[in-house]
Amino acid sequence: MFKKLREQCWKANLELPKLGLVIYTFGNVSSIDRNRGVFAIKPSGVDYDRMEPKDMVIVDLDGNVVDGELRPSSDVNTHLVLYNAFPHIGGIVHTHSTHAVAWAQALRPVPIYGTTHADHLAGDIPCTPLMADERIANDYETETGNQIVESFRAEKLNPDEIQMVLVAGHGPFTWGVNAEKAVYHAKVLEELCRMAYLTERINPDAPRLKASLIEKHYSRKHGKNAYYGQKN
Amino acid sequence: MFKKLREQCWKANLELPKLGLVIYTFGNVSSIDRNRGVFAIKPSGVDYDRMEPKDMVIVDLDGNVVDGELRPSSDVNTHLVLYNAFPHIGGIVHTHSTHAVAWAQALRPVPIYGTTHADHLAGDIPCTPLMADERIANDYETETGNQIVESFRAEKLNPDEIQMVLVAGHGPFTWGVNAEKAVYHAKVLEELCRMAYLTERINPDAPRLKASLIEKHYSRKHGKNAYYGQKN
Amino acid sequence: MFKKLREQCWKANLELPKLGLVIYTFGNVSSIDRNRGVFAIKPSGVDYDRMEPKDMVIVDLDGNVVDGELRPSSDVNTHLVLYNAFPHIGGIVHTHSTHAVAWAQALRPVPIYGTTHADHLAGDIPCTPLMADERIANDYETETGNQIVESFRAEKLNPDEIQMVLVAGHGPFTWGVNAEKAVYHAKVLEELCRMAYLTERINPDAPRLKASLIEKHYSRKHGKNAYYGQKN
Amino acid sequence: MFKKLREQCWKANLELPKLGLVIYTFGNVSSIDRNRGVFAIKPSGVDYDRMEPKDMVIVDLDGNVVDGELRPSSDVNTHLVLYNAFPHIGGIVHTHSTHAVAWAQALRPVPIYGTTHADHLAGDIPCTPLMADERIANDYETETGNQIVESFRAEKLNPDEIQMVLVAGHGPFTWGVNAEKAVYHAKVLEELCRMAYLTERINPDAPRLKASLIEKHYSRKHGKNAYYGQKN
């Protein structure tokens, strides 16, 4: 019944270890079918190399498991909040990729130092505040999602333009128009974090990329005047 | 006679080079059968790609070789001390993995900076003191085990909860309920050491993860209220 | 009609992900046929593993697409400027390889610290100035090429001897007598950037290699007294 | 005629790219037959994946090519000096491996920070002085060998115990009782350089390993009381 959705989700999950973004079960991908109002997500704690499409768990937008024999990822409620708050996103990825985690543990947004970064987003990669104790004691995974959404609102960030975030002390979440694009952003984020780390070592006074170059590179690839890639 | 035990041990040893944790013969795994009171351990100085299950050496809990034609790992007495002192552990790993060795050589415990760490243990990764000269001159490998056990007692650490340690100036030992889990901890330790290294470079003032987040993440995966993974 | 040229270009493009120099579509190679006055270049935004030789786009030295069904790389005008300004080069590579981007983002030329560097060029790896706003607003990719050419003229660098450059805030361009050699320089550049990065960490006061050693190593491999490699 | 010697040399050369120690032609291995007074060495500038055993060049201890159709490695005279000065060594390796080059470019010996290092040598990894201009102008590769030999004599180092060296501003040479062991030392050296680099970042005040631990680890593996590995 949810065969195609499960296959997309399963395939996107398998990309994570191939791209060097996760070891063991350190990550998960979900993929949503907006028409039916359900998403498929990795089951909790199951190894990537033993997982089959049928193991993907189908969850509706109220958080109910509607199909599947396994428990969904323990992060399912974070995915749920993001799908409800960001209506255009089609897939979500959570990893513990090394350099993204290091920036999250350092409690720092990633400064936009170059065009590789500006090709994908036109500002720093945001980092949420550390979660307050009462929220941790509450429904932790839901609050993780809330914190991301509140950060975007507080900083007036557009989740259709900035498709990645660091959760302070924890690690990255990324999303995109579909699960495949969300995985793409997870890989790009890890690489941007590594480049920014090296840039600061090589020149502790390296400035952010200037606005005109950010604007140029971002608009080459995004928006109505984009000219990167092939015409559809 | 010890066919299954040897196979478990051999298989776990082969994981070390595959996971990038050892080059050449820089590591060893042992696996214990508590009912029979014997453990299997890698033979000393034998290449991973030439090793067969039959080459694993069977040792009893007094340190006697009870079966096998080769010499056991030169670290056998360290394994012996740990099996005798920590009654619930089923497997032990020693490696010289790069980032774990770097912290051990830096003579520093690894601060708990994030949730990746807290998913596995609820405090810093301990580092023993440097061994005193008279102990080095004595039975060195036994004393290495003693030093680990004494460190855990002095700091009131529970070896069923903290399943990894750095031996100062030397490198890591990890353990677990079986050899496979001990290898898992060896890989996780290396990754935690790498993340902590990067975190301190990106923000030299990065704080330890706060207690409420440590508690939340550790208890998600461990203890009676754990909800990560599948029901058994 | 342009079968051989397309094959050379295609093959050289495929080397980039194999050598770890690009992820996704983060790079491009072109290859010129000087006799016919045309070059083949990677199509824009097409994945390396889906690309076939026929997809390479043929462009003349006025920048007109003369054959091919896809749009050329968005960087085509940078390649065009370089082919017109540097008459002996036969291939050009652009990547976003990690360490080269880090130096470009740090806005620093790469100091010549050792013989690995001197085996390939006899001075620092140049880094252009950041582009002025009015040039960015103009034809950006053409201006990127202009900026490289002007940097070489201002610093009196010979593009037949220094076959690599960092574009400030962006990343590397390399070239060579053919596309294969340009790819070779892209890989060597990434490695030189990584070595220089590490050198400065290990010794912040490390001096540039002395002139006599630079001269010795460069002339071992280049010019009429070269004695490295086989006689042709 | 030199079939076995060529095969050993060829096989050892092929290990270098497999172990991640060289890219392209950035390294060479030689293997000596002491009874016949000749050694086999990699030909200059030939790619590892195109090389066949017959391409190895046979050179005598006066530096004459006695068999082979290709030019020997441009570093042949460095190998020659080392074979003549160090009578017990059976193989020599030169690479430009990343971390070893970084220490050589930083002009620093590698401090002995831990037991991984002490398992292989009982002191710092030496680094030669920078070569004087008049020696560079002379027979450069011979002088590179001379400089290594003089460094060992000046510091009273035993080449049978310390089987690796950094040539200042250049990179590493390693050796061993045969070519296979020399390659082993090249890999170990790269790893020790990486560990020492990380150790100094994690703790800039990290002390050298204390003498009793150095002595213990070195003598576990070397000399008449060694007990590591299997009895022969």
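To keep things simple, chains are lettered A, B, C and D as they appear, and every chain counts its residues starting from 1.
One rule holds for everything that comes next: a contact is a pair of C-beta atoms (placed from the backbone, for glycine too) under 8 Å apart; a residue touches a chain by one contact, two chains touch by 3 or more.
On a predicted model such as this, the values are computed, not experimentally measured, just so you know.
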| Quick one: which chain's Cα centre is the longest way from subunit C's? | B
| How many degrees of rotation carry the C-alpha atoms of subunit B onto those of subunit D, rounded to the nearest 5? | 90
| request: Examine where the copies subunit A and subunit C touch and state whether the two sides share over half of their residue numbers (same) or under half (different). | output: different
| said: Roughly how far is subunit C from subunit D, centre to centre by C-alpha average, rounded to an integer in Å? | reply: 33
| query | What is the distance, in whole Å, between the centres of subunit B and subunit C, each centre taken as the mean of its C-alpha atoms? | reply | 46
| note | Touching at least 2 other chains, the residues of subunit B are 201
| task | Kindly provide every pair of chains that touch. | result | A-B, A-C, B-D, C-D
| message | Help me check something: in the complex, which residues belonging to subunit C touch subunit A? | response | 23-24, 26, 43-46, 70-71, 74, 96, 98-99, 101-108, 130-131, 133, 136-137, 140, 169-171, 197, 200-201
| Along subunit A, where are the residues that touch subunit C in the complex? | 113-116, 184, 187-188, 191, 194-196, 198-199, 201-203, 206-207, 209-210, 212-213, 216, 220, 227-231
